[in-house]
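These are the structures in question, set out in turn.
Note that chain A is present in both complexes that follow, paired respectively with chain B and with chain C.
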Partner chain A sequence: MAKVFIYPATSLILSDLVARFGHKPLGAALGIRERIQTAGVDSPPLQITPEEPKRGLKYAAVEVPSGVRGRMAIYGPLLEEAEAAIIVTDADLAFGCMGCARTDELILFSLRQSGIPILELKYPENEEEGVQFVAAVRKFLAGLEKEGEA
Partner chain B sequence: MMAEYSPDYVGTVTKYVFVESPSMTPGELALRAYEASEGVLIKETCFGLQVTGEPESVDRLIEVIRAFDPAHIFVKDRGFPPGDPRRCRANLGGARPGYLGHEREFRILRYITRGLEELDRRGGEEAEPAPPTLDKKPKLDIKRLQELIDTEES
Partner chain C sequence: MSRKVRIAQLSCGPEYSGVQKEIYEAAESVDAEVFFPDIALADVERAVDAFGLDVRSADLKLMIARGKALVDGKVDADAVFIGTCFRCAEAAIVRNELRRYIHEHSRLPVVSYSFTERTTAGTLLTRMEALTTIARRRALLAREEQTGITMGVDSGSSTTKAVVMKDNEIVGTGWLPTTEVIKSAEGAVASALEMAGLAREDIQAVGTTGYGRFLIGRHLGADLIQEELTVNSKGAVYLAGHQRGASTVIDIGGMDNKAISVLDGIPGTFTMGGICAGASGRFLEMTAKRLGVEITELGPLAMKGMGKNVPMNSYCIVFGTQSLVNALAAGSSREDVAAAACHSVAEQVFEQQLQEIDIKEPVIMVGGTSLIEGLVYAMGQLLQTEILVPPHSQYIGAVGSALLASGFIKGE
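Let's look at the complex of A and B:
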């Protein structure tokens, strides 16, 4: 079972397909859950405390806005853990403020630099593309199993 | 001075279950899920369910739920527990943050369903279709760039 980072990190489709084919999807929910379930100081809505931008320094320089560093404190450990990644390149639902947009760029850059196997796809727009989409994901994930055995 | 934060549902896992099926409504799914819940907290929603509990119990329940209609039931992780005042729309009003993203992907689910059914039917006999190719944006031609610079300068 490989740990597969999904982008968009909140994607229902990718999360489901990765889990369905027997791997572990790494998405935003895991990082958020960890913060929500850890006791500390009350910092709604996501329990992001002043500590997070400091942790984010591992992934982004000090000149980078704290919004990006704070977000990277959530995604960074997941990126380090990831053994593969599936990226949907035309994900219009992954839009957001400047902090989100820049963090997304940094996530994609880090993934491509890391050298782990990456599958890049577009969301299907018809049934035929749906078949291609699912087949591509299945083939990619089956390839990871073989790599793990070797 | 910041208030202390003591979290609820520590050590639990929450998952969303989405149902996009012509033969099963979220209500029916909830009824059948309750039968197999064994202590897992189930909340019915307009699109399916939220299940919360110990990780092993949730995984077991998800396995049972998926078997009801494998190609039409989709599952994903959720960070917040159900009814959390920071996320629940009962407290905030309007759509729950994150709902619009789900709504966007919900429209594509029927293509994914079709993909799952089709691949199941083929059962590996036929060659797998080629993955969709990504359109590369054409790079800016150097002459065109020079033209742009010239127009800007004049």
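Let's look at the complex of A and C:
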């Protein structure tokens, strides 16, 4: 079983897919609701204090906005823990999304730099692409199993 | 008990910056509640397309959709607070454009702020108070004439000012440097009453403003205790004889600066900056001290100099002073240095604050620094307009307070 970072980290579908195929998803595990009544689309489930942006200094310099550093305080440790990653680009908001594009850039860069196996997929636009999407995820995750066995 | 003022929050990053609690606290302390306009996820992209600003961050898209919902009347609110992370360029663009959009298409008062993880409820308090005042006291702010005998006291960070007004005329003024807050207020009040030839019992209503407003308000038994954003706006348009229509009020204070876009005497959008002293009246005080002149002599001295002869452009008071000392050591004239200091302060305010509001003429400069003519000249050069400095501009807060306090005279 591999620890797989999912992007968007809030995607329940991705989280479910990874878990179904026997791996541990690393994500925000926060459902995107039909209506948004919180501050942001990916409002944190945790009580974030001004300490988090300071902890985020491990991942981003002080001149980086506090919101990015606060997010990195949450996602940074998950990135360090990750043994693989699935990145879905151009995702629909309802699929799961991240609130801050600057944090996204840093997360994706960190993942690509880490050298772990990464599957990058474009968000499917129709049913046929959807089937191919799931198949690609399954193949990638099955490959991780074999890597683990070897 | 009056209904809580409902402030719609449009923001990106406050929760992850750990400051959402501070925003709630600041609103709570002025009997307001902050809420997030409830919109459907499906409406977000549609609203962003209609707005026409193609941003990448989903939370900024959400801000735009929520702002549009407010303007379209789909969500009810009394005021709007826009907040994004300090130093985020994408967010700064959205913050400014959204603020302008709401200001132009609705009557909702808006304040925008860029926060860091160090932002506290105290920093936000005056802004929240101004938002609630505009929402709650529109009728009071509509007052254009002072009646009866009233007094206004402005307990500022550098000086305390008092004004006595009678039948729409200023009949007494007094000021003292703020040392012990209550003592300074008592001294300024005594001077104003003496000049007016009146006793404390003759005063029918009292208003207080400025940093010490709560303390001196309680001490004087004030009828109105009001933050300086709304009070100064009111005082400025009253003294400038421009109570109707649009105007811009600039107050460069001892500790922070206010830039307010005013319509019919009521603030629409405003910014308040108080982080860097190089952009405040305090820097001019230091400059005067270093040049060996009284602050009152700094303006005329600056008018004789050429600011561009001396490189000085820092929002930090320490670096600004360094430039000043270096310039004098290199043989620059005192006149040139004085002019450069005035230009530097004006430039910081122009770059950091005036970009966040819509400048509409007339531009009215108020507060003690408006008496420094070199500073007024420099601001006029930067804005390419003639700046209006009304009589008694240094007493602006006290005049605004006295004017508004007359709404509390019994029988009014």
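Note that the second predicted complex is superposed on the first by the 126 of 150 C-alpha atoms of A that agree within 3 Å, B and C clash if a C-alpha of one lies under 4 Å from a C-alpha of the other, contacts with A are read in each partner's own complex, and residues count from 1 in each chain.
We take it that contacts are C-beta pairs under 8 Å (C-beta built on N, C-alpha and C of every residue); 3 or more make two chains touch, one makes a residue touch a chain.
Not measured: the values here are computed from a predicted model.
A.B. asks: Would you check which partner chain A:D42 touches, where first means chain B only, second means chain C only, and both and neither mean what they say?
C.D. replies: Both: A:D42 reaches chain B and chain C.
A.B. asks: By residue count, which of the two partners contacts chain A more extensively, chain B or chain C?
C.D. replies: The partner with more contacted residues on chain A is B.
A.B. asks: With both complexes superposed on chain A, which partner does A:M98 reach: first (chain B), second (chain C), both or neither?
C.D. replies: Touch status of A:M98: second partner only.
A.B. asks: Please work out whether A:S15 is in contact with chain B alone, chain C alone, both, or neither, and reply first, second, both or neither.
C.D. replies: first
A.B. asks: Could you look at A:K54 and tell me whether it touches chain B, chain C, both or neither (first, second, both, neither)?
C.D. replies: A:K54: touches chain C, not chain B.
A.B. asks: A:T89 contacts which: chain B (first), chain C (second), both, neither?
C.D. replies: It touches chain B, and chain C stays clear.
A.B. asks: I'd like to know which partner A:L121 touches here: chain B for first, chain C for second, both or neither.
C.D. replies: First partner only.
A.B. asks: Tell me which partner A:V134 touches in the superposition: chain B (first), chain C (second), both or neither.
C.D. replies: First partner only, chain B.
A.B. asks: Residue overlap on chain A between the chain B contact set and the chain C contact set?
C.D. replies: 32-33, 35-44, 93
A.B. asks: Which chain C residues qualify as touching chain A in the complex?
C.D. replies: Spelled out, the residues of chain C in touch with chain A are 9, 11-20, 36, 38-42, 44-45, 55-60, 62, 84-88, 90-91, 115-118.
A.B. asks: Could you list, by residue number, the parts of chain B that touch chain A in their complex?
C.D. replies: 2-7, 9-14, 16, 18, 66, 74-81, 84, 86-87, 98, 100-102, 104-106, 108-116, 118-119, 128-132, 134
A.B. asks: In the complex formed with chain C, which residues of chain A make contact?
C.D. replies: My answer: residues 32-44, 48-54, 63-71, 74, 93-94, 97-102, 104.
A.B. asks: With touch defined as at the start, can you tell me which chain A residues reach chain B in the complex?
C.D. replies: By the definition above, chain A touches chain B via 8, 10-13, 15-17, 19-20, 25, 27-33, 35-47, 89, 92-93, 119-136, 138-139.
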